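Chain nomenclature is as follows: A, B, C and D, assigned in order of appearance, with residue numbering initiated at 1 for each chain independently.
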Amino acid sequence: MPDRAAVFAMPAATLRTAVAGVTGYAGAELARLLLGHPRLRQTPPVFLTRTSAELDGTTMSLTGLHPQLSGLPNADASRVSLFAGKPDFAQLELQGIEVLFTATPHEQAREWVPEALGHGIRVIDLSAAWRLRHEENRAIYKLTDADTALASALQGEAVYGSPELHGAAIAHARLVANPGCYATSIILALAPLLRANLVDLNVGIVADAKSGVSGAGKTPSANTHFMYAADNLSAYAVFGHRHTGELLEQLHLTAGQMQFTPHLLPIPRGILSTIYVRLNEPSSQIDLQNCFYDFYAAAPMVRVRPSPMLPQIQHVVRTGFCDIGFQLGPDAKRLVIVSCLDNLLKGASSQAVQNMNLMAGWHEAEGLV
Amino acid sequence: MPDRAAVFAMPAATLRTAVAGVTGYAGAELARLLLGHPRLRQTPPVFLTRTSAELDGTTMSLTGLHPQLSGLPNADASRVSLFAGKPDFAQLELQGIEVLFTATPHEQAREWVPEALGHGIRVIDLSAAWRLRHEENRAIYKLTDADTALASALQGEAVYGSPELHGAAIAHARLVANPGCYATSIILALAPLLRANLVDLNVGIVADAKSGVSGAGKTPSANTHFMYAADNLSAYAVFGHRHTGELLEQLHLTAGQMQFTPHLLPIPRGILSTIYVRLNEPSSQIDLQNCFYDFYAAAPMVRVRPSPMLPQIQHVVRTGFCDIGFQLGPDAKRLVIVSCLDNLLKGASSQAVQNMNLMAGWHEAEGLV
Amino acid sequence: MPDRAAVFAMPAATLRTAVAGVTGYAGAELARLLLGHPRLRQTPPVFLTRTSAELDGTTMSLTGLHPQLSGLPNADASRVSLFAGKPDFAQLELQGIEVLFTATPHEQAREWVPEALGHGIRVIDLSAAWRLRHEENRAIYKLTDADTALASALQGEAVYGSPELHGAAIAHARLVANPGCYATSIILALAPLLRANLVDLNVGIVADAKSGVSGAGKTPSANTHFMYAADNLSAYAVFGHRHTGELLEQLHLTAGQMQFTPHLLPIPRGILSTIYVRLNEPSSQIDLQNCFYDFYAAAPMVRVRPSPMLPQIQHVVRTGFCDIGFQLGPDAKRLVIVSCLDNLLKGASSQAVQNMNLMAGWHEAEGLV
Amino acid sequence: MPDRAAVFAMPAATLRTAVAGVTGYAGAELARLLLGHPRLRQTPPVFLTRTSAELDGTTMSLTGLHPQLSGLPNADASRVSLFAGKPDFAQLELQGIEVLFTATPHEQAREWVPEALGHGIRVIDLSAAWRLRHEENRAIYKLTDADTALASALQGEAVYGSPELHGAAIAHARLVANPGCYATSIILALAPLLRANLVDLNVGIVADAKSGVSGAGKTPSANTHFMYAADNLSAYAVFGHRHTGELLEQLHLTAGQMQFTPHLLPIPRGILSTIYVRLNEPSSQIDLQNCFYDFYAAAPMVRVRPSPMLPQIQHVVRTGFCDIGFQLGPDAKRLVIVSCLDNLLKGASSQAVQNMNLMAGWHEAEGLV
């Protein structure tokens, strides 16, 4: 029997990709990145999006949906195929699609992914459908109906799509669960310290995170109304945000060890997380810096800033980078870490492209810098 | 027969007011102004708002609806009565309501006002229902169903609620049609010049107006989504904005003489209109200034700025003022006028309070400065 | 000998006030509040501001400086007296000034206040000059040159101008040190819990605070440039913000017990502080709520929100309120408190007016609601 | 003698470029575009910037100056050479620099360009130094001191760097005067109509333009302070903006035929111009559309939108496109044209790269889409 994973990981001259779900903000950014990706100029992605029954089987122009993409390579010629129900995976297999991005509600992704894999199509899922190993963490997403035996079996195979943490596994994965935006920002800030056992977990970690409005999605609602979000700041989902499970699983923490509070920032894009930890032992700025530098030495999309320089949202917006900086307190034990990224890019679409690059055997940052 | 108007115009120690429609932005501002009005502290307004059938007859707290009002005089004790269908005008009459503010969709205002007047209640309508004398200008509001013979008869009695233009008539009016926000900004900028016959109407007038997002109302929609409005500017309703009729009627212009283009500004509140005219004859800065100064000599809520100082939105936001300034071109004939106001205040609620003050015989600016 | 304090505290029909330093944002808001104060309409404040030597002794119009104030009662008639050096306190005494607001750099306030008091003028100082009892906390302000023996003696007499904490002392004070904006927001959120000994101080308190740009003052700088502040968020002064001393002194904490990190929000005004504490013993929502309600039962300018409702900046901007809310964690010990205020009002000018009201024996909220 | 221009225009595998003036917003964007340009990855640009005497001859890191560029190809290795006085053009010639971008104040560009050309270096000047053919239009820039005979001679040779209007001349030019941001937006909207003689110039053209704050430059000032620009809109330089000369020269208009009013928008980047014209003869939507389509048929960086779709700033920000749309009035003669671009890109740096592409014989849009 051939080694399926080895085949998957072979560098390809190009790659046939499809995007299911292209109407939202992350979908639009994904389309922009894939259309501009140097390896995909000859094979632009296939776009699909779900629609009502009466439009099933029709198409619309990609640039009619997202006029800002007009003029980019292949953009004006791209059509979006509309389907009611679910994508026609057999057809996608016939078209030779190798990697499918799902930028859809998690219920749909949970249901569709097993079928896509069954047709030999690798999947990068941008929803939360496959991120969580433990059923109690998945509960908040109400995925139980889709939790067939097959889904449960596949869950074990899903790789959490953080290239900096799981790059090797991603390269060979059939199913990559692209991380949440807040989760990426906090995990990347803490992983180096936690892996080195530097953090006093008895005191607990506070992650005070702030996100731009695009994180709330495109559907108009009271809280995404300009009049609500502008000139405002508000905390929400205190003690109950859905990304908490990702934080705990990826950082190997218990619920009592991590306090995560998200806030809605009056800006379109960007997340800044301010993270408070106490160290087990007094440390020094240089040692901490080396801890971060070493951990991210081979990570082209993480920029560790030399203390006391701190990241700010402006430096990362419209880029695929996650910036990390820190300051150590005068007692050499209290530590503030600041982490920034663009929630639609490193927090969603560019991280998905990073994962695609790894899966295709290309340089991780290709098409992103 | 007693002189009804004379009775209406008698200065009152206080006034019994009601507000129908208090959920929107203008309704909230109106509530704030009335609760804080020095003459109404002993008789806070009665609040009503339309609701679904199952909530008919119940009440809710005003500060539950608008938490920002909590702590203001009488605010926390105020209840909002919910009704399906239409207000109980007989009950309002029994409560001694003298002035009713309607801050509702124009269809409702068109239907309700005749009944309110029938109960001896004067009305200040913040919708467009009664602003337009000519049926062809009203057409855009699709009010025909409500255009009963009674409504047509009452239309002639309605006074356009611009205190600076029609103050005397407002004082005695039973029905005041509170002006539109864009309309107020442009009419106040042009009225002094047009009344003095200074403007070359063959060339035509250009009014390029820009409004904050609150002008689009509270219902979430694609265009009021933060992600659409923020960091953006867009023109809309070119050649077809609904306030055009008010401009033409109040300024006595024909459609071809006025070009009005609204834009959506990425700010919560405020309108700035930049207005371009050519004068019939060369003029001077001092003569034009005097034209404005004289016209607004007795208008406490209009601030004429000395040229070349120009108004800016920041100076008027959260105030009841309309600011007007201008610059004359080197040819002494081309003229740029800039006019600013807060669309929720001078463009809606504070202008309504100004009208109430006039109707009650109080100082026009009471409760507004 | 007459009881000076008793005289000070006698309710006055009016009050003669002066404001030294009226060019900044807090000065403008103070001018607006005082001009609109119902008790001061007959005796508008005297305005002074420091200037260069060549303008010494001249005056300028208040509304030339702040055009947004034009049209308010007494505003257009108000002149600002310009002085080089220091105010002429003898002249102020002759004018019968009873209360002087100093909205100036702290170095000036430290130097001037003793002289003002010497002329029998009570002072409300909006700078940090007199807020800190302990010299090591004052060090960050570099006030040593002005630290004469007289100043040191007066320091003990200065009352920290938090009406909710020190109302009785403020009423009789000669010198009120108006609190810092961040400090007000955090102190009011924590004082009820700390006074009740509910907080586990071994774990420490995290106060993650976010402020609008007006907090950075009016002088143009790289960090107040629109291009820096807009669409951005950044942490600053980590482990070293100047308000830390106020927090520690007022809350009776040691440096290691309080972690305070300020951030620059892309909005003009408003502070939101998210505060993380662990309780000594498990508690309940209702007990915590009562703790806050009881503490602020007589405080008209603090609005405690019922959990799980949380304050947001929009509810307090352009008001004199501080809003406080909280959520208790599932372990009944971890607690998140959110506190909001307008940094120019409750964080500066309206709190100063609140203090003036107390000093004059008026209702604390007069002129503020 | 060899044909210098022909040599210049020969397609090159790569190009040696230098950028003088890299500290401002346009400089940073230019650096980003050039570092990412596919043809320049092997030959990253040389960066120079003016400094004080004591730093003359030193270097600093590009990403220290602009941290947002870190991680881009060649960025972290790039040094910026600091010079007092003027660049060492002989040295640049020795380094083989073929094209120099000057992103400096216009006084410096006026002085330096002749010398650069003398060293055989072609120049793309982003300042206004060389844009204006007529001395009376240049007067506003106060360039007289630098107006040597040599400069006057070179002025005739300068090509206005609008690729859509002067592409052929740009390809062979030694000196390209990169257009102003407002000017680009208005010229591209009007050129098709004016060249076709469709516009009634007796009535005159109104161009009401609105720009984000980056257009005002990086130096902190009262008007670029966040507190001035945010939540505000203001008109400025009415009848006197410096770009007026470019408009008149490029569109062959007299001063009386064009009314241009700029406004400061509360957003970082982007210009929207609303332009009002009256046509000589009644026209149709389809004819006007064809007029624009034909004119820009070969222009990859102009996107003509089908009427009634109108451009908006959001569609062009962070792109090199200029979007143009229009609506024709019911009289078939009044016409509103809307034009949008990113002032730092199509209004500055990406237009400069477009010009570089033409000068190098590459595809005009290379590195820009």
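By our rule, a residue touches a chain if its C-beta (ideal position, glycine included) is under 8 Å from a C-beta of that chain, and two chains touch if they have at least 3 such contacts.
If you're wondering where the values come from, they're calculated on a predicted model, not measured in any experiment.
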Between the pairs A-D and A-B, the one where more C-beta pairs touch
A-B
Computing the C-alpha centre of each chain, which chain sits at the greatest distance from subunit B?
A
Just give me the whole-number Å value for how far the CA centre of subunit A lies from that of subunit C.
43
What's the distance between the Cα centroids of subunit A and subunit D, rounded to whole Å?
37
Take the average of all CA coordinates in subunit A, do the same for subunit B, and state the distance between these two points in whole angstrom.
47
Residues touching two or more other chains, restricted to subunit C: which are they?
228, 231, 266-268, 314
Subunit C - residues contacting subunit D, complex
25, 213-214, 218, 220-222, 224-231, 266-268
Residues of subunit C touching subunit B in their complex?
36, 67-68, 70-73, 231, 300-301, 303, 305, 309, 314-316, 318-319, 321, 369
Contacts from subunit D onto subunit B in the complex sit at residues 203-204, 206, 208, 210, 228, 231-236, 238-239, 255-256, 259, 261, 263, 265-270, 272, 274, 276, 278, 308, 310, 312-314, 317, 327, 329-331, 334, 336, 338
